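Notes follow once the structure below has been shown.
In order of appearance the chains are A, B and C, and numbering begins at 1 in each one.
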Amino acid sequence: MNFLLPLAQAEPPAFSQPHNSPQLWTAIIITFLVSFAVLIALLFAPTKARRPVIWTGTFLSGAFYVLLFLWPKPINRADDDLPRNAVEGVSFWISDFQPTFAASTNVIAAFLLGLGIYSVLRVHITRLLKRQKDWVFSVVLLTAMVTMVVFGYIDYVQREFHDKEGKLVEMVNWGPANYGFDLLFDGLLQQMDAAMFSMIAFFILSAAFRAFRVRSVEATVLMGSALIMILSLMGAIDVPWSNMVDGITGKDPSHFLNNMKISEVKGWFQSTLQVPSLRALEFGVGLGALAMGLRIWLGLEKGGVS
Amino acid sequence: MNENFWSKLQAIDRRYLYAILILAVVSGLYIKVEIPAKADDSSVMFFKTVAEIPPEKPILLQSDWTNSTRGENQGHLEAILKILAFRKQKFAVFSLADPQAPQVARNVIRLVNDSLPEEGKLVLGRDYVDLGYFPNAEATTLAMGINLRSAWEGRKTKMPGGGEMDIWQTEVFKNVKKIEDVGAVIYVTASATVDVGIQRLGGKTTLLCMCTGVVGPTLLPYYSSGQLSGVAIGLKGVYDIEMMMAYGINKKQADGKEGKVMNTKVPGTIEPIEGYKHNGRGMTYYAALNVVLGLLIFAIVIGNVAMFASGQNRRKR
Amino acid sequence: MDYTVIKLTCGAIATIGLYSVLYKETKLYRFFEHLFLGLAVGTSIVLVWKETLYVNWWQKMTGTPAEGTDPSQPGFWLYAMLPPIGLMGYMVFSKKHNWISRLPIGIILGAWSGQWILNWFNTYGPQILDSMKPVIPTTWDSFRVPAKQMLVNGNLEPIPADLAAQISANVYPTQAISNLIFVVTLVSSISYFLFSFEMKGKFINGLNTFGRWMLMIGFGCIFGATVMARFALVIDRMSFIFQEWLRLGL
């Protein structure tokens, strides 16, 4: 069964070379050029080939996880176990390769993050060069972006490569770049991030006053449920009310009136009415997502792959 | 009150409402009284579960929030870090949702360390490891469930005496071979990353969550079915956890009165965190939350009264 | 001037600048809005390399040198395939070749779809099991669930553990009624999502309408919790300005 050994290793030695060796760099460059050549070849692909290419890529990446689900899994596998037959060999390979596959999709997703960055740059550089309306603000945006990249990168290089002892964890050891990055990230960006999201609360209050009206059965039910939830969050109301009930019942835990405490009402409401309705919502979403997942994997979604 | 008053009230400039909200919040912040509150069952089970995890088992702390939800999540992270620091329980912090999240978590760790006594401070490499950000939450979590060592292979951490070490050689992870060997995975999140964890790690280890109020209700079905062992939801969740850190669960007060946090679902007593000072973020913000929620209820009631009153007056004419 | 004071002042001015939109949209607000966007984009550029590409791609592709007791790690040159695949995503900007951008997206979506099939039961299986609640009582000793606490000298104490276990093992009539309400709520709410066939008949339509009302209960719960979340953010901002920056009331 020696020929199955390579299958038990997700990143077999055949695809690796020693760090910083000429062979490694040669292999990297050749692999990159070959992959780039495939990209160039795709530019000349006939129209009929487009759908099969996309479908193949989508299907194979999904098939890996379906195989992971369906293929028999090893039980109590020790680190030095070797596969005894083809089925075990495939099983070992799937579980060993999964982190590599996950890391690869991570990297592809990271490259795609650049799309958003590229879009922003395109819009604002165009606005600046053509002196369109509010171009001054585009200057502000681009300046802030470049400043953050410079300080952020210098801070990262210092911490990652020049601070083996971890001295930069303490603020007393910081240099100008570290202070600059901290000011821009923690002092400005994080505070503005919080401020942006907090503005929604003002609009909620305004909407609650102007628009939250009891005009239909649905609105009344929604408002009632929300009020019970909100009252249960307010200890300043919940606890005095509970104390009043305790005063009437004499703190007798078996008294029926204990069910009138806000926390008890909310607990019953939550477990008997809110949880099933939210669960039904999630079942609906889950079934829809499963159907959509199957359609995407099998290439039945016309919009996605054509 | 005539129709003009109610109509004018409904048409009030929204900027007055914004000013009233700011006044309400600021006045609430200066109420320095511990407001009694009944801790939610889900928060109580969160604290109980954490208290019962053996201290020698490390915790995986997935911090998936940024400053946009600082009001709630920073309180969550500060509370759990203090619990882990006081219990001397080792942990790994990482993020799957946002590239900014690891830096935000590092800033909070620094802040919490400033409040800890010298002998109890968290030291990178000894007490915790910082794994950074992994962009593909689904694939990374699945990899963690299948083979934790492979998923995080090659990751290094800075050590207290200088240099770097493979995380699997550190005190934090040397006894961990697979996901089942960790004490729990705790999510501090503002998004659906906990759903990803339940899908891929469910049944393999204990899952706990500290989340914002926005995602909290959607996690209640998971808590109800036992997929999550405990959930601390929103600012109320922060307050509940801080109360339990200060007073324990079902623990009588010094004067013999019943404890401040009582729950019949918890058998016996859970001790408070020794050395913890009850001055966390939840304690600071909870009074203000009560004030603004009261303002919201008042606004909804007045708005509806105004609607009915102006409607009635129109019918009379 | 102390760095902490400078940092807090910058953050406070930025916060107030953004809050100025609540009064009116002004150039001041637009300045801070663009500053925020610029900083966010700049951070993303640094973080994409620092948190993702360097560790998950560059180090794996080029290997690492020996350090202390750690041996040198070889580089796996197959990772060099990934940049061209990622770069295919940028073809979305080309009118003629934008179909190529669907390949990396298809790989990621395919992986997501495959995982969803893998994980569906992990998500919903326990919830389906939990929804099977007993609707018939197992005992009529008491109509309501007996209390698990007793009053001792004015304080509430737990009842003996064996008694508590006995209570937990039974289904009392009030619990059975609550469970029935649970099941009816669940079924009626699920029925709202049945779009595969036409809703005919009074019973189905009634169930559908009732399900819609029950869903409103869930939405009300979400609204209440969301309100708490949003107000917590404002409370945090005001605490930052008044207590951390202006140091009033500390």
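Here are some notes:
Convention: contacts are C-beta pairs under 8 Å (C-beta built on N, C-alpha and C of every residue); 3 or more make two chains touch, one makes a residue touch a chain.
Just so you know, these numbers come straight off a predicted model, no measurement behind them.
Among the chains present, the centre nearest to the common Cα mean is that of C.
Of all chains, the one whose Cα centroid sits at the greatest distance from that of chain A is B. Compared on C-beta pairs in contact, A-B and A-C come out with A-C as the pair having more. Averaging C-alpha coordinates per chain places the centre of chain B 12 Å away from that of chain C.
Taking each chain's centre as the mean of its C-alpha atoms, chain A lies 18 Å from chain B.
The distance from the centre of chain A to the centre of chain C, each centre being the mean of the chain's C-alpha atoms, comes to 10 Å. Within chain A, the positions touching two or more other chains are listed as 65, 68, 101, 103, 105-106, 109-110, 113, 185-186, 189-191, 193-194, 196-198, 201-202, 204, 223, 227, 230, 233, 270-271, 274-275, 278-279, 282. Chain B has residues 18, 21, 68-71, 103, 134-136, 139, 142, 163-164, 217-218, 220-221, 224, 234, 236, 289, 292-293, 296 in contact with two or more other chains. With touch defined as above, residues shared between interfaces to two or more other chains in chain C number as follows: 22, 43-44, 47-48, 50, 52, 56, 60, 64, 73, 108, 111-112, 115, 118, 123, 127, 148-149, 156, 218, 221-222, 225-228, 230-231, 233-234, 236-237.
Of all residues in chain B, those touching chain A in their complex are 10, 12, 14, 17-18, 21, 35-38, 41, 66-71, 103-104, 107, 110, 124-125, 134-136, 139-140, 142-143, 146-147, 150-151, 153, 158-164, 217-218, 220-221, 224, 234, 236, 239, 286-287, 289-290, 292-297, 299-300, 302-304, 307.
Residues 22-23, 43-44, 47-48, 50-52, 55-56, 59-60, 64, 67-68, 70, 73, 108, 111-112, 115, 118-119, 122-123, 126-127, 129-130, 148-149, 155-156, 158, 161, 164, 218, 221-222, 225-239, 242-243, 249 of chain C are the ones touching chain B in the complex.
Chain A meets chain B in the complex at residues 10, 65, 68, 95-96, 98-99, 101-103, 105-106, 109-110, 113, 163-166, 169, 185-186, 189-191, 193-194, 196-198, 201-202, 204-206, 208-210, 212-214, 223, 227, 230-231, 233-239, 242, 263, 267, 270-271, 274-275, 278-279, 282. Residues 15, 18, 21-22, 25-26, 28-30, 68-72, 74, 99-100, 102-103, 132-136, 138-139, 142, 154-156, 163-166, 195, 198-200, 202-203, 212-214, 216-218, 220-222, 224-227, 233-236, 250, 252, 256-258, 262, 264, 267, 284-285, 288-289, 292-293, 296 of chain B touch chain C in their complex.
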